[in-house]
Amino acid sequence: MSTRVGFVLRRVLLTIPVLFAMSIFVFLMIRLVPGDPVQTMLGIYATPDRVATIRSELGFDRPLTDQYLMWIGNALHGNLGQDFISHVPLTDLLAQRLPVTLELTALSMILALGLGIPLGVVGAVGPRWAVVFADLLVVGGVSIPSFWLGIMLVLLFAGVLHVLPPAGYVPITTDVLENLRYMILPVLALGAAQLVYILRTTKAAMLTVLGSPYVIFLRAKGISERRIVFVHALRNAAIPIVTVVGIQFGALLGGAIIIESLFAVPGVGQLVVNAIFQRNYPVVQGGVLVIAVIFILVNLTTDLIYGALDPRISGTS
Amino acid sequence: MASSVGTAHQRLGASHAPPLRRLFRQLREPGGVEIFIGGGILAVLVIATVLAPLLVSQDPNAIDALRVLGPPNHAHPFGSDAEGRDVLVRILYSYRVSLSVAVGSTLAAMALSVPLGLLAGYAGGWTDTLLMRPVDSLQAFPALLLAIALIAIIGPGSIVVLLSIAIVHSPILARVIRASVLITREQPYVISARARGRSALGIMFLHVLPNSLGPTLAQASILTAFAIQFQAALSFVGLGTQPPTPELGLMLYDGRDVFTIAPWVEIYPGLALAIAALGFILLGNGISRRLEAGRQR
Amino acid sequence: MSASLLEIRDVSVSFLSDGGFVSAVSNVTLDVAAGEIIGIVGESGCGKTTLAMAVMGLLPSSARIEGEIWFRGTNLFGLSESERRKFRGEQIAMVFQDPLSSLDPSFSVGSQVAETIRTHRRLRRGDARRQALGLLREVGIPSADVRFDDPPHKFSGGMRQRVVIAASIANDPALLLADEPTTALDVTIQAQILVLLRDLATRHNTTIILIAHDFGVVAELCDRVAVMYAGQLIEVAPVANIFEHPLHPYTKALLAAMPSVERPPGTLQVIQGQVPDLSAPPPGCRFAPRCAYRMDQCQETPISVTESPGHEVACWLYPPGMPPVDQTTG
């Protein structure tokens, strides 16, 4: 089907300039620091000699375009520079921390979808009390800051009940169960916020679809209400749900950064935040770049999924 | 078939009703309850915040060493924190920062996005594409990441946070107002204004803008709720408002270490955040519902 | 005379709305014989769609229904929802006005036809698909085997309506309700769809109730015509009788208001007045306020009278007991 192939191709091709523009932005980020970035990085250790050495080491003395090409060239070869303070290559740091962040975000999204969609369906077609409950959940959930929820959860489960650890992380390679035990609260805190949006969108989409004229014809054909809800309505509601997932992913990443700091989860977010305090610009730059790339790729994926679902683009299901 | 004569009678009767009756009628309209509760919450918060120095005589930073981590009592209704400071007083003063940053960011975002969206929507064509393309790509960026990037460059502080949030929220508002304008500009009264030879600028400000603001205000209200949480989150990780300025996010950070022995230090600021956000969300939802109902009529 | 397939007995439907109860259908009694094609004609809002929905059982829960509807010896109103559902799409089917809003945009047209089949019969996917394909061919979809998997938006309005019809007749229903099936279509396509309906009816021996708002459509297809006004059934007659000897003043006015090529320009008749407010309908005959022949008697609901074989009218101009009107003068 040429429309489908064309669609995919166009989406992928459009992503490239976005990646490009974003890389320029991240690159310029450091150069925009008021004053001399190198001096700021060295802080109290700044002597004219040191500054000059570091500056040529990091290539700050070259023309801007050269710097950018160097940086991008290196990046594409897998070299993102070093942690300014520890001299650990950035790629190593990221290799350690990226899986953690990915695990946190993936689990949160699974929670949000796994609970949000069913609750949304219930909120649309369920009994009256369930509908009211879903509405209240949405209004409350959107108001409550996720990190406060996280803190409250820690208070309850770690502080009072002592069943879960308040912070920290155990790699999944070391011990799967322990890893999950440490991840429960962060995932709950992060996922709860997303859950609320997915619930709301699912409910609204289901209601819209169920109010559509073609549902009347479906009933006229004698199709059971259950099939109408779970086959037809859900299928048509999937499109706005996927759209919202794509939009929410940005918020998810942002929230992950905060939650990581809160729960001392050693992910990329925590890395970046600490690096900002340390004026560790190469790390900030690399970290932001990686997070942004992930974000753009996930957006691309949701766009493609959306294209597969929308019959106008893909054909049919 | 519905009776249009009957409804008209109802409406005519309404304007002659006593004010209290009119209020109740407004409440029953779609969105009425939400606007009332949301607006009410915000009104209370704003008044309490503005009048803070008058309401409480204490300095938010005043340390009472005898009352470190004291539980709520008469003198300190919300208890005291690790430094002996009164939590309630701190919350009131924190609201000043939190609310002004949040509302300020929304106002700044509107200042950026409204002219942009208005122009893009009204002019259409190349202007529209030219203006909205960069806006769209900006929207593609995760909000917090953008804020963090900006803060990394400029350095932490309330103002930076305000600006970052404003920049992040502008694309959303620009889209909303542009969508509104697209509808409004096809309306009969706009077309007749054009036919009468009114200048484009005149039409935009006199006719299009007032009628497009509704959805934008609803969205702005909701974005303000996010802004409140956003800036608290940034302050929480240390990238926003800096101590010793009292701020809700900072209070949440401080409260973490002591919540097992003094949970009120953590609970009340969190509730304060949630309530403020709730107010804006209810208000925004109410306005949305009211607009929708009006459109269906 | 064939046995009655459908017996509508004194059915009234009202809806709860802001202004109170709206009486959409008022005491309608009608028999539909097996194998006939009967049209129901009336202006928008006269209750014809509501009546059809009552037969189907698709009225919203806010509707209050009185009376009985007997289908093949079963009182439909006495059935539970799940029992009712068994009839829908199998013995009684309905086609709606706008084909675009009848089809799920996310599923292929073929699957939507097959779905109707599999809802009521246990068939394997492949068999259902084969049958659905046959139906699509029967309703005249070109290259049906290729287009089976196409989504609805790839079809024109007329083609979509054919798909809808295919889905409706998939299980060989005894009764097909067609609610203004051609109103949303181009004039040239309208005739095609009507012809299709008639052919299908003949071939499958389906009884059709055709709802329309103009007589032209009805003249094409129907054996009998029922005229409704403001929820009341005011006249029923064989098609020829209705055109040549309309009895009810409203029917006459409606026919006179029809634009036609034969009529000289400038003679288009307008019916004075407006349709009554159904939340507070006038007592008795609801057309009376606009009727040139109204009498005090009209405040009581007229009794239906058979003026000639198959021709009934509910109007005090033809009170019960009076000898039949001389059809030659009308």
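All chains are identified by letter, namely A, B and C, in their written order; residue positions are counted from 1 within each chain.
In the analysis below, a contact is a pair of C-beta atoms (placed from the backbone, for glycine too) under 8 Å apart; a residue touches a chain by one contact, two chains touch by 3 or more.
What you see is a predicted model; the values in this text were computed from it and never measured.
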| item | value |
| --- | --- |
| Identity of the chain that, by mean CA position, is farthest from subunit A | C |
| Chain pair with the higher count of C-beta pairs in contact (A-C, A-B) | A-B |
| Separation of mean Cα positions, subunit C and subunit B [Å, integer] | 53 |
| Computed distance of Cα centres, subunit B from subunit A, in Å | 24 |
| Chain centre separation (subunit A, subunit C; CA means) in Å | 55 |
| Junction residues of subunit B, two or more chains touched | none |
| Subunit C: positions in contact with at least two other chains | none |
| Residues of subunit C defined as touching subunit A within the complex | 56, 58, 85-90, 93-94, 96, 98, 101-108, 111, 115-116, 119-120, 149-151, 153, 164, 167-168 |
| In the complex with subunit C, residue positions of subunit A that touch it | 212-214, 216-224, 227, 232, 235-236, 309, 311-312, 315-317 |
| Of all residues in subunit A, those that touch subunit B in their complex | 18, 21-22, 25-26, 29-30, 32-34, 139-140, 142-148, 151-152, 154-155, 159, 249-251, 253-255, 257-258, 261-262, 272-273, 276-277, 281, 284, 288, 291-292, 295-296, 299 |
| Footprint of subunit A on subunit B - complex, ascending | 137, 140-145, 148-149, 151-154, 225, 229, 232-233, 236-239, 252, 255-256, 259-260, 263, 266-267, 270, 273-275, 277-278, 281-282, 285 |
